[in-house]
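There are two complexes below, and they share chain A, which is joined by chain B in the first and by chain C in the second.
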Partner chain A sequence: MLRLVSASKPASAALLIKVAPSTSLAGRRTFASTSARQADITLTVDGKEVTVPQGSALIQACEAAGSTVPRFCYHDRLAIAGNCRMCLVEVERSPKPVASCAMPAMPGAKVWTNSPLVHEAREGVMEFLLANHPLDCPICDQGGECDLQDQSMRYGADRTRFHEITGKRAVEDKDLGPLVKTSMNRCIQCTRCVRFANEVAGVEELGTTGRGNDMQIGMYVEKTMNSELSGNVVDLCPVGALTSKPYAFHARPWELKHTDSVDVMDAVGSNIRVDSRGVSVMRVQPRPNDDVNEEWISDKTRYAYDGLRFQRLTVPLIKQGDRFVSASWEDALAAIADGLRASGAQGDEIQAVAGHLADTESMVALKDLINRLGSDNLTLDSVGGHAAPVHAVDVRSNYLFNATLPGVEQADCILLVGTNPRHEAAVLNSRIRKSWMHTTLEVGLIGERVDTTYGYDYLGADAKAVADFVAGKSEFAKKFKSAKKPLIIVGSAVTEHADGAAVYNALAKYVEQNKSQLVTPEWNGFAVLQRVASRPAAYEMGFVPSRKASQTKPKFIYLLNADEADPKSIPRDAFVVYQGHHGDLGAQLADVCLPGAAYTEKGMTWVNTEGRAQMGRAAVPPPGASREDWKIIRALSELVDAPLPYDDVLSLRDRMWEISPTLVRYDTLESTSVEAALAGLKTLAAGTANAKVSGAPFVKPISNFYQTDPISRASVTMAHCTRAFVKGENYGFSELSSKPEAAYA
Partner chain B sequence: MLAARLPKRVPRLPPPVRRIHSSPCRRSDALFVHRDTTYNNPKIPFEFTSENMKRAQEIISHYPPQYKKAAVIPLLDLGQRQNKGWTSISVMNYVAKLLEMPPMRVYEVATFYTMFNREPIGENFVQICTTTPCMLRGAYDIVDTVCNHFGGIKPGDTTKDGKFTVIEVECQGACSNAPMMAVNDDFYEDLTAETTKKVLEAFAKGQKPKPGPQSGRHTSENSAGLTALASKPYGPGEFCTPEFQ
Partner chain C sequence: MSALRSCQRALQVRAVGRSLVSARSMATDSQSAPPAKATDDKQIEHAPPRDIVAADLVSGAPAELRHRAVRIFQYSRSTTQSGDAKSSRWRIDWDILPGGGRWENPLMGWASSADYMQGTRIGFRTKEDAIHFAEKQGWDYYVQQPEVKVRPVKNYAENYLYRPNKLRIIRTK
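Moving on to the complex of A and B:
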């Protein structure tokens, strides 16, 4: 059994009545400590001197010395379990080999990782592990990337001594839901999955039952693993016990081409590796990046890829009557030019709408084209996107996640306003949880009550709660005032809310007043959490309408990946062009559809919520006649007599550099200076003065985490997840499943 | 026509089937997952009686409030006692709720310790030790005696009338009085076939025989009488100078 620092979900067993009144949650978190910075120590590994920080595990010291130590249970991002014994090394003056992952490095120690004793120890451990492990590698999905397979080749004995007829341990498979496939006979009880579920994902239902040879991993009761990070256990499992259900038996790792890319399912910009075979994406894996996603990705990032195969637009389509007819590119582009002329749209009547999955290059091209056509009507595909956002876009720090993603872990008090990071940025949420578990972090929430995987003080649901907080009316507000590194996370839905302006106004003033803690050279505690991959870049390049333009009724509408548009907002007589990769909502509204490339098919720039520009790369070619999006716009510009001045992507990026150099400074962050940030807040406060409060409660913008964009809506796997986790059909332990509002507080 | 030329159908032996080779599985004697049954499902209510609740609060008060969950074992035991000697899923859920810990953490404890019975047991719980010292002193005879006494049941079974459940257990720490068995909370030691039967008969009648060695000896003293330290031990201060006496 693992002893974990844990905070439990309230088991909402309505039947267990009359229990002792529960004490406040704060009393439940126990190991609160801030780690002190420690001195370095020096030791010798395989005759090489290494210096590591005090308190590192011996395995880390060995790693630092360049000696690989085989392991199964140890993982740098999880608690240490020390139960597989594969990491045995020889230490001077120790009578037995020691488990290097569970042993702190000692100054002056002499360690050998390659001695006969160690070899023998590893061989022995390997033999024990294999004693109960089925020899089913040919039919195991982990084959080719299995730690057990690799390490038994490298460190195991060359023959078996296992001739017992009593048989191997047999464990029944568990049903963890539509994402994780189990084959529990293969489990070697490293408990990585259990530690991940409990520490990182906040699924405290996964554990070990039984003991000794009968120990097994599971939930004891019938339950699925309801977490938006569950797919990561597939990567963590060193054997084939937990494998990916959608990917089961689809490919072997050695057939796959790996392409490093960036995820676009949310605005975190998780680093991913797209594994493809031929023209199809076979799976998506995380790529470690400590500054962004550590080593995790959300289930939508990982499993929505099958949506790339369905509902695709592969040829240009022109609407004739009430049906679409496929056309050649020439005809389609000419039809658009004709449509533009016929619609008689002039100036601001030409509207461009940038959707969730529009890449930066295409947005820049579209903006340039629309501007060249004399219009300023640049709209975002969101509620209220036809007007400029309340926070304006002149100062970056007003709409970016200034505290940075790793910075969240430094905060000692976090206020969430109108956001549920668990669904809007699942990986960020795990960071908050990590910090909440290991430090004295306090979290407060204004907005709809949600299950966040950590405890929070609930402060209210509307703009009034924000006002109360600013006025210091609650216990939490006082704590927040006295915090050293306070952090306010404002959800992107606040901008879309009727009271958005009032909330921004109140918060901007509050931050200004408390700038000694909130805005310092080291810390900027005002962070806006965007949830849409294209949004930060759109703000960055000023893809927003002028005031005059926002009041104009459009006659020609160009939807670039815009699939959330309200059909009613589109005038009946307007000529509509949809450019995108899926036949989703946007395409239905269109008069001409132009097939674009999805994020795995183009090498484009994405800016995440921190303002970090990252380069996605094309893993597979776009299907059929579809083209890279900026090229389509470039081609169109010729036909509408407003040719764009770039012919290749490099000159387009030069143009991006002109607009904002941060758009092309890849993988770095440029923090806003204190002066600029404060000036930004001042303009923000001034721009939102006199805002009225309607008092409508904030609602979470994402009600179904698994289906938020055309790709995930086309994905069969995500549909299964929706059924299993959102609607709760077929799966789940009816009695104990928690109510949606069962918050931790 | 052609058919005539076909060889006559002779009954053939089925071709030797080549099975996919598999090693037999080794099963465990208990199930380490929960299955809903009519007698064990989370819908069956359970809660401590007011008396047990008081005790539970007492137990919880032994631990610092943030380590309340340390009380999980004693509380599960309390629940097991109240629930006719077995820990149902409702007991576990209730304890989890009471200690504000995720239910899984309680399931882990309850499945780890074999003393928590996760299936119903009879009125009297007979646990016969068969670990080495007891075994050397004839524990298996005792097992046979008990099983035959109950009409040939096997260890792990409950008698038809639901009065007794018999299991084999590991060392109970009474090796000096081997062989032994525990019935409910009491140890019956120095057993022979006869005394075993006597004990069980008494229980069947609803009586409770005197626990301890059934051979008449006092605790684990030498059954042949004391051979050393036979004299009376001297009391405190006996040989001291008068002022200390």
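Moving on to the complex of A and C:
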């Protein structure tokens, strides 16, 4: 049979040569190897010569040649399993078709991915897969974006040979928590979810039991999948076995409008795709970007979107007595102008507070407005945000993640100071774990003990541990000294800590002393991990108070998305304006509430912890009378007689460029030169020279990962997650899924 | 280097019509177009640059369209599926209109829109074609950076590599 197929080869190969150029696009399917550069090999795929690095899998060579190979178990970012057998291809002088994912590409090999032999082999595989796959595509949430559905259109048989009296395999559904819905009858045992949990998420409980037809995926005991990356298994599942519980039966993929945007739940700036239908956001999906989030997003990013529907401010509100009365925009803005006048606030008594979800444009507009009113009291919505941060904001490298997110994987020794990256930047944490697994990376931790999903040397909990590390007292400190690319990750909570200045002082001096490893033209191993989406941009534009302003008692306070403010820090007689999208804490404190737009409703700039400016795009219009935030500030500036000089967002971005060109250089990173970085460290050390050590231990800033901002606090899904994962309670879905009618769902 | 670049930009901003340049500055695709592979002779050659006459003088397109920047982009690959269909073509689309561009019909609950471009997107073979088309129409445009791809070499044998140190992963597959 093989010989027969081989005889027909020249014809089919000639046919493929013609097809190949249109499917292969110049420059798009290239490989970039992160490991050491190896020799390249050349082989022929479908009559097209292709050169790939030695050691590549055959499926990668086929991809590089522009021949897409169907697959279920192979995934670019997971270890190779080789158990679905869908990627069978024909290789010259091979007696059988070979699984191209598990086969290394060999120099000079001739491969056919589209021959009759390959077709027949794949049809056989597909028949076996479908033998135990239920025919519930019409009621399956994966319908329309299902690999099995799509590939069965090409390789599925048009009639059945399935005449088993016992019927199809039946598998009990598992309860993985409030996010991932299981329908295990549909599982084709590709084990992508198991590999993801093992390698990326660090959940070693998810695994397989049994063999062959009896193989099952599960947690071995009744247990939820407790990981902040668990939503990604929904994407990875090539069939509908794992689907999204909050999104279940809400929409079909072909009804959704896709909008490329940027996430604001943490400071990583994960690239997301907002899927909307009509005026509502239906779901949030990751958008692959190897410079930022690879292909993963955290569960908060993915599932907090339902918070965009609840607790929204839709009309301007003015407080009369102890209740809010809805008002028109004119009345609300006039009330603010009156309030400003009546409060008698002059100069620095006018305070602006920028919160976690404030976009860059609105912060620039607010800063300009407050400055025009003669004030320099620009405050950040965090502990100690009323004063300038200890690291100052004059040199970028003092507050940015200089090593860059992909750069973390090059580090061979990482020290975490006062941070839990698992909750502050979940996607970054998966990168550290990846590097920890595949290299000899050593991690040390100073701060509260946390489960990071990778092992670490615990060095202590307070500033004394930092001093010991700097003095080289521990085994880890010695290893760190001798590392080639060491990396110090300082958490954003260190700035808010009483000993923050002392810690920065010690670390800045240490980095300066070891600049031959830590600050070189190729590597800057001093990285500050911000956890708030607006913070890097705020530092970049200098949204910090002057020393004089920070000591002034404010009489007029403008809260821009500020929902973490301590109510006690707001004087009782001050006139308070809140501008934001949710009726959260900030709105309660306000005299006038102005409804703004949430991140899915405005096309604005966000700067992530690396200093990478990225453009989010509006997916849906803002609800009710709410408006884009910078426009509200622009309108208000007219009424307080300090009109801002920009009328459209483009001239506002020109203004941003005047402040800092990096704010509008999208998707690129401007690295700080060695000289500037060292000068920054010198000023940092000088500015914190006489800091005192109180010895209080570092506390992790995020105690509940699932509820950190107004959107996630308004989200029902995130409340379920809090109950299930943080409090460990029964979150209310278990009984539901054990009811008989739920078996059909 | 960065100082030089900012000087260049400063000149641009002052020299050319401002709104146009500002929109270009949103372009996230910083590197210039990848050079067409000369070796691949089967590839269709691009049309040589032509003189541009703004088409909206005669096309009858509403004047408001000139005030909306269009986005030139490639579809990013969907993470829910392994195929990368549709991600090779370049497209033009329009940002949504803020405020009043979309509403829910109170009777049927369907979404209505006052934005006549909300369902329109135009496909092109290359980025240059898309840019040329936008220029021809007199539209302001910005180019969104295509997906950044880094693919490490993968090998089945890595599953069985001997690691001398403490075992760092327990595979439960």
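Heads up, the rule we're going with is that the second predicted complex is superposed on the first by the 694 of 745 C-alpha atoms of A that agree within 3 Å, B and C clash if a C-alpha of one lies under 4 Å from a C-alpha of the other, contacts with A are read in each partner's own complex, and residues count from 1 in each chain.
Note that in this section a contact is a pair of C-beta atoms (placed from the backbone, for glycine too) under 8 Å apart; a residue touches a chain by one contact, two chains touch by 3 or more.
Quantities reported herein were computed from a predicted structural model and do not represent experimental measurements.
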Inset, instruction - Figure out whether A:Glu295 sits in contact with chain B (first) or chain C (second), or with both, or with neither. - result: second
Inset, instruction - Give one of first, second, both or neither to describe whether A:Arg653 is in contact with chain B, with chain C, with both, or with none. - result: second
Inset, instruction - Based on the superposed arrangement, let me know which partner A:Val125 touches: chain B (first), chain C (second), both, or neither? - result: neither
Inset, instruction - Return the chain, chain B or chain C, that is in touch with more residues of chain A. - result: C
Legend entry - Partner chain in contact with A:Ala392 - chain B first, chain C second, else both or neither: neither
Legend entry - Partner chain in contact with A:Glu145 - chain B first, chain C second, else both or neither: second
Inset, instruction - Quick one: classify A:Val239 as touching chain B (first), chain C (second), both or neither. - result: neither
Inset, instruction - Could you say whether A:Lys168 touches chain B, chain C, both of them, or neither, answering first, second, both or neither? - result: first
Legend entry - chain B versus chain C as contact partner of A:Glu204, first or second or both or neither: both
Legend entry - Contacts on chain A seen with chain B and repeated with chain C across the two complexes: 27-28, 30, 204-208
Legend entry - Sites on chain C touched by chain A in the complex: 2, 5-6, 9, 13, 18-19, 22-23, 25-30, 34, 36-37, 40, 42-43, 71, 73, 75-84, 88, 95-104, 110-111, 144-145, 147-159, 165, 168-173
Legend entry - Residue numbers on chain A that touch chain C, as the complex places them: 21, 25-28, 30-35, 38, 52-53, 55-57, 60, 68, 70-72, 74-76, 79-82, 101-104, 142, 145-147, 150, 191, 194-195, 197-199, 204-208, 234-235, 238, 253, 258-260, 271, 273, 277-279, 285-291, 295, 406, 436-437, 440, 454-455, 597, 601-603, 614-615, 617-622, 627-628, 648, 650-651, 653-654, 657, 661, 664-668, 670
Legend entry - Complex contacts: residues of chain B adjacent to chain A: 23-28, 30, 32-34, 36, 41-43, 45-47, 57, 60, 65-67, 89-90, 93-94, 96-98, 100-105, 107-109, 111-112, 114
Inset, instruction - Please give the residue numbers of chain A that touch chain B in the complex, ascending. - result: 1-2, 4, 6, 8-9, 11, 13, 15-20, 22-23, 27-30, 165-170, 172, 174, 204-211, 213-216, 218-222, 735-736
